[in-house]
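Note that chain A is present in both complexes that follow, paired respectively with chain B and with chain C.
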Partner chain A sequence: MVLVLALGDLHIPHRAPDLPAKFKSMLVPGKIQHIICTGNLCIKEVHDYLKSLCPDLHITRGEYDEDARYPETKTLTIGQFKLGLCHGHQVVPWGDLDSLAMLQRQLDVDILVTGHTHQFKAYKHEGGVVINPGSATGAYSSITYDVNPSFVLMDIDGLRVVVYVYELIDGEVKVDKIDFKKTATTTMHA
Partner chain B sequence: MAAASAAARMLSDGGADDEERWLAEGIAGVQQNAFYMHRALDSNNLKDALKYSAQMLSELRTSRLSPHKYYELYMRAFDEMRKLEMFFREETRRGSCSVVDLYELVQHAGNVLPRLYLLCTVGSVYIKSKEAPAKDVLKDLVEMCRGIQHPLRGLFLRSYLSQISRDKLPDIGSEYKGDAESINDAVEFVLQNFIEMNKLWVRMQHQGPVREKEKRGKERNELRDLVGKNLHVLSQIEGVDLDMYKETVLPRILEQVVNCKDDLAQVYLMDCIIQVFPDEYHLQTLETLLSAFPQLQPSVDIKTVLSQLMDRLSNYAASSPEVLPEFLQVEAFAKFSNAIGKVIEAQPDMPVVGAVTLYVSLLTFTLRVHPDRLDYVDQVLGACVKKLSGKAKLEDSRATKQIVALLSAPLEKYSNIVTALELSNYPRVMDYLDTATTKVMAVVIIQSIMKNTTCISTSDKIEALFDLIKGLIKDMDDAQDDELDEEDFKEEQNSVARLIHMLHNDDPEEMLKILCTVQKHILLGGPKRLTFTVPSLVFSALKLVRRLQGQDGDVTGEDVPATPKKIFQILHQTIEALSCVPSPELALRLYLQCAEAANDCDLEPVAYEFFTQAFILYEEEIADSKAQITAIHLIIGTLQRMSIFGVENRDTLTHKTTGYSAKLLKKPDQCRAVYACSHLFWTDDHDGIMDGERVLLCLKRALRIANAAQQMANATRGSSGSVTLFIEILNKYLYFFEKGTPQINNSAIQDLIELIRTAQSDNTEADPSTEAFFSSTLRYIEFQKQKGGSIGERYEQIKTSS
Partner chain C sequence: MRKKGRAVPEWLNSPIWSAPPPAPAPPDPYGADLAPPPPPKPPPPAAAPPVPPPPSYEQAVREGGRRGDEEEEGAGAVLRAHLLADFKAALSKKEVNMGELRRLACLGVPDGGAGVRPFVWKLLLGYLPTDRVLWAYELEKKRSQYSAYKEEFLLNPSEKLRRIEETKMSRKKELSIERTGFLPRLKVTNEEHPLSSGKSSLWNQYFQESEILEQIDRDVKRTHPDMPFFSSKSNQFNSYQESLRRILIIFSKLNPSIRYVQGMNEVLAPLFFVFKNDPDPSSSAAAEADTYFCFVELLSGFRDNYCKHLDNSSVGIRSTLSKLSQLLKRHDEELWRHMEVTTKVYPQYYAFRWITLLLTMEFSFNVCIHIWDAILGDPEGPPDTLMRICCAMLILVRKRLLAGDFTSNIQLLQHYPATNIDHLLHIANRLRGTVAS
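Entry: the complex of A and B
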């Protein structure tokens, strides 16, 4: 059982002062094995905070990130899964699932984690799964109205990944989960 | 013999190192005489017992020991005297000697010191026998002890008296209680002993040569608890209730404290009083207690004692909220306030740090006891301002620290910063801080807001807040901020950026005022600060725009309600300010955000204007290739979402965009940007644009660029380079094919597939990732065929196998 935290688009301090308190109290160091972050933190303090939660931190560059050295895309293997990471402002039209599917094919990954729209999505298609963890702070977005703070926790176990999405709605944390299984070939099914 | 050697030692003169030797000799003397005394006790020989005990006690007549060593000797003797006392008790009970006779007998001892020790010891037995009232015996003893005027010896003698009489005071509930008046006698006894001991203690200061003054002070300190013990005893007397404390005990003690005119004694005893007697007594005798302060020696550090008193009462208030009404009833705050005022007035040369420390204690007290009385809190701050006025900005770091403590206390107490903002003297105190500390304080204030997630919701409060944190907002007059660490500066400014999000009001009118206020202040920040603060304001404003979406935006004028148009004007101004930094990339992003928001508000001219600004920045200011790539994708992404432009405006913008795309430096980047532009001409929305021609043009152009890229790679590196671009373009073809764009047909796709296949087989170096990309694309095509229906049919025409 490998826990992977996926989050992004915090936009601290430009659009939000901090993570919601309820999220902060849930995210404790030592419980998570990997963090993948879609980008737009935006400042070093946030980077350091995430690093304190888990030393294995992967970040891709968002267009407002202070640190310009984050890569545009990143791929990594966790257990049986290949994961791809990209902020998503580079893929036009923004949030378009077909265009994202192309990126997924290009990176050759089972799970593509991407952001930019601030809207949670977990979508399975022929080539794999696309996950958008939304905005962890509920930051303003020109694309999505009424953004609720959200993040994703993936539990990778063998050929199965359970995606837990945590959303802060009206002051309460609501959790939902989706199961994905991978066959021995590279195709994924829910 | 023992007596003679003791006498000889008495008169000798020697150095400090000899003390150990003298002490050893003294102890030996005690032990030797004790031995003979015990022999006498065992054989019931009263006469010898008295003789040897007197000799033993003579060792205490020495002048040569320091207090510390004398104490050791004293304790030896003390232990032996206990046994003697037991013997006396037995003797008198048996009847071999009456206690009255014994009392008289011991007074025949040769030297006065042993005589008095013996007398006290018999006195203890006398009281226990109840043959005379305790008060009479005690009175006699405390008077007799006057016989010893030597400070050290006298202190220990009286300490002995105090020790043995402790459990025999005629207190209520004591078996030695006489009539109803006897409490007074008990109190009187202890007071007398205390007064005499204090006199002796003070006298020590004036003994010996002037050069040894410091040494004497140190020695006196070692003895202070002997004097203080009496106060402790007084506090333990059951019969001393509040009234007696108020009427008799405190006034008598204070009288001695004031009259002794000794600063060491005064400081210690005042502190003792405060520690030893209960807080509720202090509360009820506040006036008396405080009136003593101005009468103390000028060299006494009154502030420390006053502070301790206030702190003690603060803790009392904090731990027992039920006593708070009492504080009000005795007007504690007013009394303290006045007392402090008097002290400060009486000592015009008091250093600032001292005065501020007093105010910190008073403020802590006020916040604990009267938290709802903001006027009191403000009063304290005002008094502090008065003390500071006329002086230049503080340079003493300890004073500065105290001021920071003073200003932080209300923040901690009132978790809502708005309360602190109501204190009119608060900013005035801050004015006296030097620039660096002003900034420190500003950060403390912001942290308090962030920690308590307080929302500040009126523009006038925000105005007050910005006044407090002005050290962070702009360069202060005397600032030489070059030394400021870059990291620290960033942290500061980021905290201001975060703060902006705490300034909010649900009412749009008020919110607009807030935005204007914030804008006014941050525009004073100068190029260094704008990159941090502008984005926060922009997004805060955009949130308001979204809330107001749908409201008419055509009216201008002062008294018109908040409208998106007005806010866009503010936004425009604000982003424009970034040109002085200069920060074109950030500005471009913000203009594009505004354009999107304007689109959602149906404000075509406004949206167009924002795009214009963004394009100007792109053309004129953004030269870095990487920055251009990101910028162009942001432009394409934003433009793709615009639904509001009429044909002309749309054409101008798309034309420019595709032009920029084709002019990027590297061919692969050009290719990607150009095929991204294809999305500008096709939306899924049937009201929007669906121009298949232009889509195809873009894709074909992208193909041409990809070809050119390949040729270049051939020419320069010999190999044909990556086919990735072609696969990407193929995916785009498939995208529009699926959408039903008529100009995209299966033959074009088929050709492209063949092209890629050929190129791949030509490639000398196999590229696994490109191959995987191609395979998964072909797999996608197959998958779509399986879908059936119209999609399946369309895809059926594409062959993926060679």
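Entry: the complex of A and C
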């Protein structure tokens, strides 16, 4: 039972001052084993805050990140799953599922986590699953102003992943979940 | 006959209590460096004929591990071996006579391959009923109950939720598997998500208990590191540490008032050791379940000592320590005065560990098991018997205590010297009937 927090596109301080209070009160240290962040934090203070939640932090570079040393893409293995991480502004057209599938095949991962569109998505295709955690602060994107703050928490347990989606809609935190399994072959089953 | 009171009773003044107890004449494999003549024992138990100790005893001792300079009770072991026949007779009766069994247990249960001790302890702790016919039924019932506990308490929230869903899913038909497209989002009911702070949330409860689990984990890893039995690499499957861990976790979940207190692992260890080394394979396989219930029984007399809230009340640890003090005062006022008034060596400095850990850390593992024979077997019950034995421990070293100051007394009592256990238990016996006042 490994808990992995996926979030990104916070755009602090340029487009948003901080995470929503309700999110912050839920995110306490000690519960989460890994954090993967798609990018666009943008400043070091946010990095330190995330580090305080969990020491195992993985970040990829978003186009507005002040720290230029983050990599463009990252892959890691958690349990039986290979996860890939990329901000997403590199994949054109932005948010296009087929292009993201190409990236996923390139990285050879079961779950690809990308951001940039500030819209939550969870999509499955033959190669695997693409998850977009959205923007954790609800910062506006180049595409739209109407953004609900959201992030994703994955519970990886053997060959099964339960994805909990946390969204702040009208001031209330709404939680949904998505369940999928991986079989012994590399295909994914919902 | 002089009354008690200021004067120390006659038998206490006997020279045997002052020198380190001598090893008796029969061949003693563990060092015959002290060889004065056997002491005159007041009402003697059966005299021990000079026979070499049986090999199984040595095996058990080697397995048990021993601390440094220990004078093993060679004569005691011989005596116990002779009681083996008595024990077997007592155990084979259709309806076990508890009074008889207790009497025999106080003399010491024989070690070794006969597998007598696990049965005796289970009977003494009330785990097995006295009627032999019911044994199989009771064991079956208890062991399956333990399996149910394991199912309920040892799963983490992911696994629990998955089980709940699987029972629901089996009613629906399996949906088509190969699908591309946006994954369907399901509602989360009852705030059952990992970051929930809801009281009824499985996740929340899990995280709140994780601190206790970590503590249990740490303590289990440190239990008797010198003994290969308890080391984590001793066998390739579930090591015995895992068993201890599970027992303690289940105990802490079922007893929210005391949860887990550091040191319970030490109390658990001898129980588990004895039951696991039962020569009967089916008993040994079910040792974990048996140990759990016997542990609960054993602790039931001492529960109040572990509860923090009761520390200062009339049933908590402080009052237990003051009872010890009173007991000492009644039997040996001179020593009491010297300890409490002159040198200010209060019981909480040394007896805390004696009482809460049931003497497991004061003596070597094997010796401790023999003391437990007496503690469990005594009809007065474990708490009072323990009290008497602690008092006896003090009286046994009285000459040294009387001669010492604060520092040396504390040192002596916190590192209690190896003694002849039969003498110790004999003195404890003499104090019988005086604890409850």
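Here, the second predicted complex is superposed on the first by the 188 of 190 C-alpha atoms of A that agree within 3 Å, B and C clash if a C-alpha of one lies under 4 Å from a C-alpha of the other, contacts with A are read in each partner's own complex, and residues count from 1 in each chain.
Following the convention adopted for this analysis, a contact is a pair of C-beta atoms (placed from the backbone, for glycine too) under 8 Å apart; a residue touches a chain by one contact, two chains touch by 3 or more.
Quick caveat, the model's predicted, so the values are computed rather than measured.
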item	value
Chain B versus chain C as contact partner of A:14, first or second or both or neither	first
Chain B versus chain C as contact partner of A:71, first or second or both or neither	neither
Touching partner for A:55 - first (chain B), second (chain C), both, neither	neither
Contacts of A:26 with chain B and chain C, given as first, second, both or neither	second
Partner chain in contact with A:157 - chain B first, chain C second, else both or neither	second
Partner chain in contact with A:122 - chain B first, chain C second, else both or neither	second
Interface residues of chain A shared between complexes with chain B and chain C	126
Touching residues on chain B, where the partner in the complex is chain A	450, 453, 490-491, 494-495, 497-499, 501-502, 532, 535-536, 539, 542-543, 546, 589, 593, 596-597, 600, 630, 633-634, 636-638, 640-641, 676, 679, 724, 727-728, 731-732, 735, 738, 769, 772-773, 776-777, 779-780, 783-784
Chain C-touching residues of chain A, taken from the complex the two chains share	1, 3, 26-28, 30-31, 121-126, 129, 153, 155, 157, 160, 162, 164-166, 175-180, 187, 189-190
Residues on chain C engaged by chain A in the complex (per definition of touch)	156-159, 161-162, 165, 175, 177-188, 191, 193-195, 197, 207, 210
Residue numbers on chain A that touch chain B, as the complex places them	11-18, 21, 43-45, 63-64, 89-90, 92-94, 98-99, 101-102, 105-106, 108, 126-127, 139-140, 142-143, 145, 186
